[in-house]
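Sharing a structure below in structure tokens format, with a few things to ask.
As written, the chain order gives the labels A, B, C and D, with residue 1 at the start of each chain.
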Amino acid sequence: MSNSFGQLFRITVFGESHGESIGVVIDGCPPGILIDPIEIEETLNKGEARFLPGITSERMESNEFKIKSGIFNGFSTGAPITLEITNEDQKDSPKYEKRKYTPRPGHSDFTASLKYGDFNDYRGGGRFSGRVMVAITAAGCIAKKVLLKYANIHIFTYTSRIGSISFQMDELNEGILEKNPYDFLSRCPNPEIDNLMVKEIVKVKNEGDSIGGTISCIVHGVPTGIGEPLFNNIESFLSSAMFSIPGTRAIEFGTGFRLAKMKGSEANDQLYYDPQKDRFETRTNHSGGILGGISTGISPITFRLAFKPTPSIHKPQHTVNLKTKENIVMKIEGRFDPCIVPRAVIIVEQLAALVFADLFLLAETSRPKNPVFIGYEDD
Amino acid sequence: MSNSFGQLFRITVFGESHGESIGVVIDGCPPGILIDPIEIEETLNKGEARFLPGITSERMESNEFKIKSGIFNGFSTGAPITLEITNEDQKDSPKYEKRKYTPRPGHSDFTASLKYGDFNDYRGGGRFSGRVMVAITAAGCIAKKVLLKYANIHIFTYTSRIGSISFQMDELNEGILEKNPYDFLSRCPNPEIDNLMVKEIVKVKNEGDSIGGTISCIVHGVPTGIGEPLFNNIESFLSSAMFSIPGTRAIEFGTGFRLAKMKGSEANDQLYYDPQKDRFETRTNHSGGILGGISTGISPITFRLAFKPTPSIHKPQHTVNLKTKENIVMKIEGRFDPCIVPRAVIIVEQLAALVFADLFLLAETSRPKNPVFIGYEDD
Amino acid sequence: MSNSFGQLFRITVFGESHGESIGVVIDGCPPGILIDPIEIEETLNKGEARFLPGITSERMESNEFKIKSGIFNGFSTGAPITLEITNEDQKDSPKYEKRKYTPRPGHSDFTASLKYGDFNDYRGGGRFSGRVMVAITAAGCIAKKVLLKYANIHIFTYTSRIGSISFQMDELNEGILEKNPYDFLSRCPNPEIDNLMVKEIVKVKNEGDSIGGTISCIVHGVPTGIGEPLFNNIESFLSSAMFSIPGTRAIEFGTGFRLAKMKGSEANDQLYYDPQKDRFETRTNHSGGILGGISTGISPITFRLAFKPTPSIHKPQHTVNLKTKENIVMKIEGRFDPCIVPRAVIIVEQLAALVFADLFLLAETSRPKNPVFIGYEDD
Amino acid sequence: MSNSFGQLFRITVFGESHGESIGVVIDGCPPGILIDPIEIEETLNKGEARFLPGITSERMESNEFKIKSGIFNGFSTGAPITLEITNEDQKDSPKYEKRKYTPRPGHSDFTASLKYGDFNDYRGGGRFSGRVMVAITAAGCIAKKVLLKYANIHIFTYTSRIGSISFQMDELNEGILEKNPYDFLSRCPNPEIDNLMVKEIVKVKNEGDSIGGTISCIVHGVPTGIGEPLFNNIESFLSSAMFSIPGTRAIEFGTGFRLAKMKGSEANDQLYYDPQKDRFETRTNHSGGILGGISTGISPITFRLAFKPTPSIHKPQHTVNLKTKENIVMKIEGRFDPCIVPRAVIIVEQLAALVFADLFLLAETSRPKNPVFIGYEDD
């Protein structure tokens, strides 16, 4: 149960940090979707440490992947699609054995040891490792192909904060779609801010410390009527998905926490009809493109995530030996990622695609089939 | 699908604002749970407009409820438990008919009309109404009884912001458990702050405007090992649940968004062993009591929600006629709730109880059955 | 979990034999379905004891029902539809208390007592009572309306055996659709056989005994392509549903158990093209209209269920006192239904409608969206 | 959705006949289960054509398998366990291309072509192939290990009919547990009957024809209280699972279809208390060990499945060209399995283990937690 996500477009993720591979079974992909292995490879590279020189010394993965099922003559058949990505690091390492009873502060080591005891796979974070996310990144490519059947959706994801350096795109400016966050090391598509963010990361890295940040996501092109009232609303699906990314600590939609300080007269996106575009419009997007859990189709859907600083740092920290109950000062050594944010941008983007593929399939069955006064025609 | 929540302890909610009743079917409640109707009644009253004199003129509901199934001799039988709460307001009103094609800005009216067309139940928000939450409030009472079988859990929920007035409890101070937020009109358990918050609400009310706020929740007493890695983590369950409450726009766990500005050396909750309590401890709780999606058992689980200002305000606003495409200035009249936050506190609390009942039942099957070096004994 | 069925068109059933009511929440009904209360009432009557004079002395129910949610101006809104049917028999009766520790042989009393102990609702079978099926009967009416959106489906259900008297319709003869099994007391649409079946039932009834039987179901009009490979095949859905009817002990599709004695050359339905109808056809229907779990669209879908004789009989039987462990001779008195089959016919029919509504909605998302060489056009 | 089965112990199956491999992800396996690769290999061999010389000429598979995730130091970790079995036959073969538009009668070719059109993977039955069942066989080994945590369960499965040759074990005789059906080519554990069955198969094989049969399953050792009322009953779970095996056409529990001809006084298993065993007992087992969908704990759980004759035969048959609509006489050549039954015995057994693992985990949360007058103690 724990390892599947989605209702109609459903992924099941398997594998652990130091196992043979990470994989994903995609169930519910409609038949007739053209699968492009080169696109998957390029997307996997967007999250790869080796493409972020200088700002991470995390392990290098080749991201060699295989499509194991569900494709025939290049198209999905309707059968489950399985993608598998080989792990480079499969060997047991003595350093992990040493760490078995001494959890790294701020890391899942503590809860994993207590919950699973001797059966915990403690090597490199095991099932809790960020490495598992490579399956999400790959599966998202299939989701994006499915979305193309429904709408011209563009998911724009970027780093909006590293520590004290922040940046906010103008989501209502369609021009942002021409930028490519992956052209920038920090994934912030502004050259000056990118420069500052990279400097911030390098600085904490040199201190043996780490830094948090935020990622913003702008989903353009979702038509009205996606999402359902009560439990299957867009925000529930997106937030539930996003908190599966290690390090996510918060999510806000539209104007988010700042709405708590606002009045209704400021916060409501007032409506007008634009006769030239023959569309209903708003001048603001405090709602993040969602009302009552359902896409408005007027403005892009927007949300922002907070990531905590990576817990593995080189500075000495207090911890315990779970077995002997001794108090210990721990100093973690070796490879190390001072900021998870630049590598998480592609994960957020791909996970959003997976969520919307599911929401679009669900919306197929939740709309009226008869012609109605406005909106959907009978299909 | 849309109207059920939970995997093993599962609720299905039915009813709409101006229907005969709101109800909930609770499936998966173990047999032998003593159900207390008086407790349910008292809990429902905590969310009632008539107990918030002055700060709301929302409709008054008697919250008369019936237990329709699943109880025998006062105890749950294992069969689904159905609770039904009668709606006072069942009559169709001409004001609703008038509003059919003219959505209130910031309200689900717009998306509901476009998605459902002529079949939309537009009376009082229909299925999108906050009134539907009364089912959650009632069901949460059963969840709390189930939780008592597992641990001495106390869910402390309070208003932590109304507009510019904010307040933060010290979650690590066990003394807060003696306070009762429901003794205060604003649900903020500090007399001076409560006073300021009430004034803030009355002020915007008199302006015909509304105001946002935040609610904080502190869950004491959750033992280690609740929650699962990847998709069934505590944060995914809680966030998915909370975004079903109308008006929720953001959620953060522990130190939340502020972690984005912090370094790892500040953010990690460092561990030590306290020989007197024979417990592992931390001096901070930036993690919100959760690591790797699993409860630490050390600190309380904490999260904070942002609510937008109520969209229905008395000030004139721009909107459209969806049918004629005319631009309109709308002035909403009548009853009106200038701030949803005080009434939402009990909803958040009850929904948290529902989530934890489900997480505890799931944890029954996800732990090892054999004795292990530390943690759970074989059961 | 236990009390919901269906994936996209999903019912949740609540209530027990001697509770206030039996109810069902239907989630996933598309908006815009016209609901006809008179049709529901007439359908409920088809399963009612008072319309089977002479062959049953089971309790009489008025089947007064209410639509509690999900309908506006006569149409479904997309919100969950709740139907509730009042129980006439709500009073506790001393006879049930007496029976608390002495299970009726062949009845769920035994397992219910052992599983739930003191918390078992033993009054009239509680949650295990056939009375619960009235919710299925009602919900099936909504399913049938949904099916009309997709195809001209006709579900023909009839009694094909009572004890030694058996009858088989010619399923390939479209003429059978003009018959109405509910015009016959036994639900067998052949006057002579009906007469023999009724006599068989009256005979065992006079002996204080009961009798088993079979029900056959022929689903006309299902187009090709409904059902999925592996786990979501038509047979898995139908069988899983049908075994929720108390007393069902077997199901077979098409030629069923007789296929075990046949050769492939006999059993295969050979294909030919009929140029006049411009259709592929077969001359036999051993497959029951299903190949690989998917509807062929050529022949009707057929299945047959075996029902055991009602366990409650007036003859003395050996049983035990679960508490004192005494051996006992029990003689059940009072109202009594010597054969469940005639009353179960409508339940089978309605449950089949519920299953197909779910299968049709699922098929919406499992077909290719692009034009293909044959079969579905792009929609 | 279509490719997952189970609620708490859940398998997701992937792969197709001529893909690279068949695999299964097992989610919900508790941590601490010792996995034995040799046992898996031996079990896979029980379903292998090469171990059934003479009675099949089906393709030979090496059944080389890999454990790809979820195991650490030989034990399950709680993470999803992935098993993958390589396909020997991966090459595209011109014979399949030829067959693309000409469905074999009685085979899923017809429905698969119409449902999926050009996207159908028609090579060797693709997703519909019996080869997919190898994943079930492997996964069942993990399920059996889980069951050992709960009870001393023994699943005895055997061939009870091939064409006109039938055989019925005495399920109440514990002595049968010493027999091993896999010592016999037909999987019927009686030397004379086995001999007759093998002769029957060889005879039809030489005719270029095929033959049907039945498989019986006797599950010893299930304690009372497993299964739930209404939809999660034992029969619904087992039947739903079993109809995913290609060729299954019927299932009956206990005395099954013969109950339709019986009276209540014959069919009820009357109860008595055996003071020597300190157990409640029955002298018959018409109920198949299940009452009200819940295990009685008195008698073994019994069911019987009918399999149709393999549709691929060497005799000429009428079929059509789906594209040109020509009528065709088809003669299938090459490898060929005249009777699926002997190879399906292990699949039925393993699938039953998977179902019971899920039912046992579900029962953990559906029993009362308090002490009760009889049955379960508080745990």
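Quick note on the criterion: a residue touches a chain if its C-beta (ideal position, glycine included) is under 8 Å from a C-beta of that chain, and two chains touch if they have at least 3 such contacts.
This structure is a prediction, so every number in the text was calculated from the model and none was measured.
Common neighbours of chain C and chain D under the contact definition above: A, B. Each of B-C and B-D has its own count of C-beta contacts, and the greater count is at B-C. Distance from the centre of chain A peaks at C, each centre being the average of the chain's Cα atoms. One simple way to say how far apart two chains are is to compare their mean CA positions; for chain B and chain D this gives 45 Å. If each chain is reduced to the centroid of its CA atoms, chain B and chain C end up 39 Å from each other. Those residues of chain A in touch with two or more other chains are numbered 1-4, 7-8, 13, 28, 31-32, 78-79, 115-119, 127, 228-229, 366-368, 372.
Chain D makes touch with chain C in their complex at residues 1-5, 7, 13, 103, 105-119, 127-128, 132, 161, 163-164, 204, 207, 209-214, 224-225, 227-233, 235-237, 239-241, 243-244, 246, 248-257, 259-273, 275, 280, 282, 286-288, 290-297, 306-313, 315, 317-320, 322-323, 325-327, 362, 366-368, 372-376.
Across the complex, chain B is touched by residues 8, 28, 30-32, 78-79, 149, 229, 361, 364-370, 372, 379 of chain D.
Listing the residues of chain A that touch chain D in their complex gives 1-4, 7-8, 10, 12-16, 19-21, 23, 25, 27-28, 31-32, 66, 68-70, 72, 75-82, 84, 115-121, 123, 126-127.
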